[in-house]
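I've put the structures underneath this note.
Shared between the two complexes below is chain A, which has chain B as its partner in the first and chain C in the second.
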Partner chain A sequence: MTVIQCEHLTKRYGKFHALNDVSLTIEGKKITGLIGRNGAGKTTLLKCIAGLYRKTSGELKVFGENPFNSLYVSENCIYVSDEMSFPATLSLEQLLDMASVFYKNWDAQLAKRLFDYFSLNPNQSHHRLSKGMKSTFNMIVGLASRCELTLFDEPTTGMDEAVRQDFYRAVLKDYLQNPRTIIISSHHLNEIEHLLEDVLVLKEGKPLLHIPMSELKEYAIGIQGDSLLVAEWCQNREVIFTKVIGSDKRYAVVKNHVTKSDIHRAKMEGLQVMPVSPSDLCVYLTNKRQGGIDDVFRKDELV
Partner chain B sequence: MNIFQSDGTKPIYVQIAEWIENEILTEKLKTDEKVYSQYQLAEMFNINPATAGKGLSLLNEEEILYKKRGLGMFVAKGAKERIVNKRKNETLKQLIAELVLEADRLNIGEEELFEMIRIARFGRKEGKK
Partner chain C sequence: MMSSEKTNLFKLVKKQTVFKLKAFYSFFTVLLFIQMIAMFFSYFGTMTYGSTVEYVSIEISFFSADAVIVFSLLWAFITSILLTTKAYRYSDFTFVTNRLTSNFSNILFLLFASLVAGVTAFLSRYLIRVIQFYTTDVFIVQPFVEPASEIIIGISATVLYVLLFCAIGYFSGMLVQMHRLFLVLLPVLYLGVLIISDNLSNGSVNPVFGFFGLESSFFMFVVKVLLIVVILFGSATGLTNRLEVR
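Now for the complex of A and B:
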């Protein structure tokens, strides 16, 4: 079942196109990772889906409805981010009680258990929490609301390593028990890749890739070795990234149209063939600039 | 439990398939025995159930597992032999090619290489005792 459908969706802030002609479909009951650089449009997309932002043009359907001003969508969708604001006069415990009124599938037991596990203080108020504690509390609300469509926008901001891992495990376990549509945006693909079924990569307001995680893993391969040999290898292949190593060596990432025997031959020629981690691959794919950070520091040499 | 490296050389679903193959090789899973479901595997290895499912269907395609509708996956007859054959003809051959290549780079002669293999095998058996 299709939960989210966009066609030519555009969201403009003044002249800036935060989302530029986005067409995509997200099927139900999947965990999708939303990946992109700063300013790629991840938050804008999620807020449009949640009905918090009004689209500028194009078509956007969530559960078959325009999400903006849709009661059905706000009832069945939760958007979790560090911007979540709660009434300052209520304690955390009262906030959880309130949430149970808003969300019909609210799992009070899960909320309570997570709350105790992460040692939150029921009498504290939300705005007094540390950054990581805030994220933890928001995550608890996000999971316990058990909305058919759950959107986590950089949910682990400020969480320490142990809490992050617990969080991801909690998402997976709860998803196994209650399969639903989950989108997690993150800068850290390596942290969430094991959780994901699909991955959606945004670049400058447009989807660059929207494929199963397992395909992303095999999307490209890295070749390293003698510059000439590598260059020869790259001919007639789609090169995604390349960099010089030392004086006569080169590393190249090419799109994977490579057979097992190709790889075997390359190895025999003395080239190193290695997989490219999805997280590195996304960095290469979404790079806006020519060259890398090294070039910034090369200024002096050019003059 | 997290025995899989997500940055590793192999896709996770292949690692899942190999893990199940190992369970069959060591006879922890026997012919006609029910194999873990994709949800059990997801829970055990902390991965998306679709990934686990892909590992299972890979083994189904290779006729190492068979499907009983609504009941799950089971170990096929002759699964163990099929795995042994596959690994011998593909994995082991490739590993040996790479081993020989590295030995050549280091100028290690055949006798010395055999000796190293013998020592490694001996060490393994000693370790098992």
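Now for the complex of A and C:
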């Protein structure tokens, strides 16, 4: 079942296109990772889906409705981010009670258990929480609301390593018990890799890739070795990233249209062939140029 | 679809209003505090005339709850502006809402607030008299017990005035939320209207105040206030129906 459908969705702030002609479909009961650099349009896309932002043009349907001002979407969708606003006058415990009034699938038991596990103080005000604690509390609201569409926008902001790992585990466990559509935007793809079924990579307001995680793992391969040999090998191949290592070596990432015999030949020539981790691949894919940060510091070669 | 029944708009507005009454109770604490300050002012800041004829000295003091009412109007204006600010508006969007229900529940909250502020402000006149009676040696001329019809009219008029200020504050606040420029434009506009109307009035009552204050028929007064209130709340709701949550 299709939960989210965009056709030529565009969101402009003045002249800046935060989302530029986005067309995509997200099917239900899947965990999708939303990956992209800062300013790629991740938050804008999620806020459009949640009905917080108004689209500039194009089509956007969530549960078959335009999410902006849709009560149905608001009821069945929760957007979790560090910007979540709670009244300062209510304690955390009261906030959970409030959430249970509004969300019909609210799982009070889960909320209580997570709340105790992360040892939050029920009498504290949301405004007095530390950054990581805020994110933890927001995550609890996000999970316990059990909305058919759950959007996590960089949910782990400020969380320490241990809490992050717990969070990912909690998402997975809860998803397995209550399958629903979850989108997680994150900068740490390596951390959430194992959760994701699909990956949606955004670059400059456009979807670059929208493929299953398993495909992303085999999307590209890395070649390393003598500069000339690597350059020769890269000819007529789609190079995603390349960098110089030491004085005469080079590392290149190419799209995986390579046959087994190709790899065999490369190994015979003394080249190293290796898989590229999805996390690294996404960084390479979303770079503005092929060389990355090293280029900035190499004045001599640019002149 | 997972849950076929459509969300009931009125049920949601009710939920949100209850939520707001719980979450924003601190506004009422502020009201209590402000009204106490105002009573303090009216206790000491009374207008007093004195005259002495031979061995008799007469002193006439005027006590009124005007200060309490004025302070309550100010409170209403500021409270309703605060409701339109991001911190308050966005907490709706953490839970279930759309812009229409959010506005409706705000208006219901302000209706309740006007009722509380109006009734307490009006009744404070009796409290002031009681305090004066026990703490000073004045002879209270006005009776403690007034005809019910007068009390009802007094309370209704005070509530309506508070509601009017809520509506003005809410409308102004929402305009500012739509565009920062209104932050400058509105005070200029409001003051401008008052100054111009004052100039046109040739020394008599300013027509802007006269529109409500000089109305001799209570029924017409109610109609006038409610009309303006509906227009202001209606425009605020209509204009912000496309406002984004940033």
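By definition in this document, the second predicted complex is superposed on the first by the 294 of 303 C-alpha atoms of A that agree within 3 Å, B and C clash if a C-alpha of one lies under 4 Å from a C-alpha of the other, contacts with A are read in each partner's own complex, and residues count from 1 in each chain.
The working rule: a contact is a pair of C-beta atoms (placed from the backbone, for glycine too) under 8 Å apart; a residue touches a chain by one contact, two chains touch by 3 or more.
For clarity, every value in this text was computed on a predicted model and none was experimentally measured.
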item: Room on chain A for both chain B and chain C (clash or fit); value: fit
item: Chain B versus chain C as contact partner of A:196, first or second or both or neither; value: first
item: After the two structures are overlaid on chain A, angle v-u-w for chain B, chain A, chain C in degrees (C-alpha centres, nearest 10); value: 150
item: Which of chain B and chain C A:86 touches, first, second, both or neither; value: second
item: Which superposed partner A:31 touches (first chain B, second chain C, both, neither); value: first
item: Chain B versus chain C as contact partner of A:104, first or second or both or neither; value: second
item: If touched residues of chain A are counted for chain B and for chain C, the larger one; value: C
item: Partner chain(s) touched by A:17 [first = chain B, second = chain C, both, neither]; value: neither
item: Least C-alpha distance (whole Å) that remains between chain C and chain B when both complexes are overlaid; value: 22
item: Shared contact residues on chain A - chain B and chain C; value: none
item: Parts of chain B lying in touch with chain A, wherever the complex brings them together; value: 4, 6-13, 39, 42-43, 46-51, 54, 94, 97-98, 101
item: Chain A to chain C touching residues, read off their complex; value: 47, 51-54, 63-64, 69-72, 74-76, 83-90, 94, 98-99, 101-104, 141, 148
item: Residues on chain A engaged by chain B in the complex (per definition of touch); value: 30-31, 168-169, 172-173, 176, 190, 193-197, 212-214, 217-218, 264, 267-268, 274-275, 277
item: For the chain C and chain A complex, residues of the former touching the latter; value: 1-3, 6-7, 9, 12, 15, 18-19, 22-26, 86-88, 90-91, 93-101, 241-242, 244-246
